[in-house]
Amino acid sequence: MGNWERLVWNQRELLLSGLGVTIEICLLAFVGAIIGGLLLCLVRLYVAPLRPVAILLIEFFRATPIFVQLMWVNYVWPEVLGWPNTFFTAGWVALALQSSGYLAETFRTGIEAVPKGHREAAASTGMPQLLIFRRIVMPQALLTAAPSLVNQFTVIVKSSTLVSVITVPDLMFQSQKIVNIWYEPIEVLTATAGIYIAFIFLISQAGKLVSDWLRRTFGLQG
Amino acid sequence: MNEAPCIRVVDVHKQFGPLEVLKGVSFDVHRASVVSMIGASGSGKSTLLRCINYLEVPSAGAIYIEGESLGFREDGSGRRSTRPLREINRMRRDLGVVFQQFNLWPHMTVLGNIIEAPIRVLGLPRKDALERADECLRTVRLSDKANEYPARLSGGQQQRAAIARALAMRPKVMLFDEPTSSLDPELTDEVLNVMRELARAGTTMIVVTHEMDFAREVSDRVLFLHDGLIDEEGSPEQVFTAPRSERCRQFLAKYLK
Amino acid sequence: MSETLRQSLDLELFWEYRAVLFGGLLFNAGIFACAAAAALALGLCAALLRVSLARPLRWVGTVYVELFRNAPDYVMLVWVHFVLPLLLGVALRTRIEFHPFLSAVVALGLVYSGYFAETFRAGIQSIPKGNIEAGRAVGMSERLILSRITLPQVVRRMVPEALNIFVSLFKATTIVSLIAVPDLMYRVSMVTQQEMRPLPLYTGAALTYFVVIFVVATLLRWASERWRRTVLV
C-alpha cells in the first residue's frame, strides 16, 4: 500500500487540480454545446435559406472524430481565424462543436415531439406564434431533451480526456505527469481510471433519475 | 329571437387536396343557446368546428362572430381584405375550444394551464388571473387539483381542467370537439355534468358529440351532418323523434338502441 | 489572412502523401474490425449474464457493463497499454509488453462491449414473453426458441443502435495514434512535423474522416432500414 500513498494520496493536490480543470472545461463545453446546438437546430427548422448550411455543419460535427476535431481546431483555426489563442479554449471549443451537432438533433426531436394539439390549444386562445413557441413548444422540448442532455454531458467528460494531448492540465494530464516523474504507472493510472468511471457513473445515474422524474411528473418520455 | 346571432356560419366549404370535406354549410348560433352537431365519423363535423375557430381556414364561405367576419375585413363599399393573423388571434379569444385529446400543456400545472393565456394574451395582472382561475376551477369542481401536473390526473379530470382553461378566457362561445370520445365510459359523466351546468347557466355552446342522450337533453338545436352537408336540422324533439331524412333515421337507429 | 485561407484549403500537400496516409486509414479499419468483433462477442456474454436467472451472475454482468461503459476510451487505452502488461507480468512472473495494435484492440473492445451489452440486453428484454410461451406451446426446445424466436428478433431490433455504436467505435480508433499505432492521424502528425504545414494536413484528415464515416454510415443505415423492413413484417 506504500505505493498508493506515495503515488496517489500524496499527489492528491495535483490530481484534484486536474479534476477541477476537467470539470471546468466540461461545463464550458456543455454550455457552448447547448447554445450551439439550439442555434443549429433553430436555423435548420426555421431559417429556410440557411438550412443546407446547418445540416452540413450538424453532419460534419457528428461524423468527425473528436480527436480529429480537437487537432483541427487547435492547429488549423488559429492560423485561419486567429482564434482560439489558448489550448484551453481550443479544448472546450472542440468538445462543444462535436456535442452541438448531436444536441441540435436532440432538440429537433424534442420540438417535433410536441403534439400538434398543444399548439392548437394555444392558438385557440389567441396566442401569437412566437409566444406559442416560447411558452408551449420550447419548454416541453427542453424537458424531453433533458435526459439526452445529461447523457451528452457524459460523452463530453469522456472526450475531455483528450485535451491532455494539447497540454491542457486536466486530470488525465496530471496523472500522466505523475507517471512520467516516477515511471510507476499502475497506481496512478488505475486511480485515474477509477475517478473517471465513478464520476461518469454518477452523472449517468443522475440522468436516469431525471428521466424517471419526467415520466412521473409530466408523463413525458425522455 | 330578434337579436343578431352570436355566430353565423355562411356557406363554408373546406377542401383537403382533392377531397371536399365541407360542401357549403350555413347555420346560426344565438346567444345562450346550445347547438349540437352529430353525424358519423368523416361527416365533416369536427372539421366544421375547427373552421369556426380558424384552426382550419375555410376554402370558401365566411364565419361571423357578432356580425364581424373572422377571416377578412369588409370596408364600407363591401370590398374584402384578408385579416392579419394578429386580428384573427384577437377574435379567437372570444371562442373557447375544448379538444377531444384535452391538449393540456404537460409542463404546467392545472393552474398554470388556466392562467397562461389570461396573463399572456389578455394581459391580466396575475392576481386577477388567479381569481378567475379559482372561479373556473370551482365551476368544473377541480379546485383541489389546481397544483397537480396534468399527467397525474384521470382523463375526466384532465378534460374538466381543459374546460376551465377555456372558460378562463371568458369566451362568448364555447366549442366542444368530441369532449368525451377519448374517455373511459365511467368518466364521461363527470365531464357531461359540467357541460350540463354550463348550458343551464346560459353559456353559448357548439358541441360535436356522439353522446345522443346528452345532445337531446341539453341542445336547443341539433344539426345532423352527412357527407359535408347539413342533412337534417331542428329542435332535439324533431330530430330525434321525427327525422325527415332517411340517413338521419338510420344513424340514430344505430346509436339509440 | 486570405493567403493562409487559400493555403489551408490547398489540399495538394495532403494529396502528395496520399499513399502513406491511405495506409494509415487501413490501420483504422483493421483496429475497428478486430475491436468490433471482440466487443460484439464480449457484449453478448455480458448481456446474457445480465439477464441470467442467478443473482450473482447478474451482479457480475452489471459491474462489468458499468465499469467499461463509463470508462473514457483514452483512459482505457492508456491503462491497457501501460498498466495491464505490468499486472499480467507480476501475475505470471515474466516481463510482458503489449504491441500497440493489441492494446488498441483490447481497450476499444472492452469499452465498446459495455455499450453492446446494453443494446443486447434491451433487445432481449423487449421480446414479448408471449413469443417464448407460444414457442413452448408448440413444443419447441429452449435452444430452438433462442435460435429461432429470440435471437433473430433481438438482432433486428438492435441494428439501428448497433450501427451508432459501430460509428462511435470507428471514430474512437483515431486515438490509437496516441500510443503510436501508425494510423491516419499518426501519419498526419508525422508529416506535419516534417513539412511544418499543419493547415492542409489536418483539414484534409478531418475531411477524409468525415467523408468516410458519413458515406459509410449513411449507406449502412439505408441498407439496414431496407433489410429491416423486408424481414420484419
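Letters are used for the chains, namely A, B and C, taken in the order the chains are written, and counting of residues starts over at 1 for each.
In this text, a residue touches a chain if its C-beta (ideal position, glycine included) is under 8 Å from a C-beta of that chain, and two chains touch if they have at least 3 such contacts.
None of these values were measured; they are calculated from a predicted model.
Comparing per-chain C-alpha centres with the mean over every protein C-alpha atom, the closest match is chain A. Put simply, the chain farthest from chain B by mean CA position is C. Chain B has its Cα centroid 46 Å from the Cα centroid of chain A. Centroids of chain A and chain C (each the mean of its C-alpha atoms) stand 21 Å apart. One simple way to say how far apart two chains are is to compare their mean CA positions; for chain B and chain C this gives 56 Å. By the touch rule above, chain C contacts chain A in their complex via residues 1, 4-5, 8, 66-67, 70-76, 78-79, 82-83, 86-87, 167, 171-175, 177-178, 185, 188-189, 192, 198-199, 202-203, 205-206, 209-210, 213-214, 217.
Residues of chain A that touch chain C in their complex: 59-60, 63-69, 71-72, 75-76, 79-80, 82, 154, 157-162, 165, 172, 176, 179, 185-186, 189-190, 192-193, 196-197, 200-201, 204. Residue ranges of chain B in contact with chain A, taken from their complex: 53, 55, 85-86, 89-93, 95-97, 99, 101, 103-107, 116-117, 120-121, 149-152, 162, 165-166, 169.
Looking at the complex, you find that chain A touches chain B at residues 115, 117-118, 120-129, 131, 135-136, 139-140, 143, 216-220.
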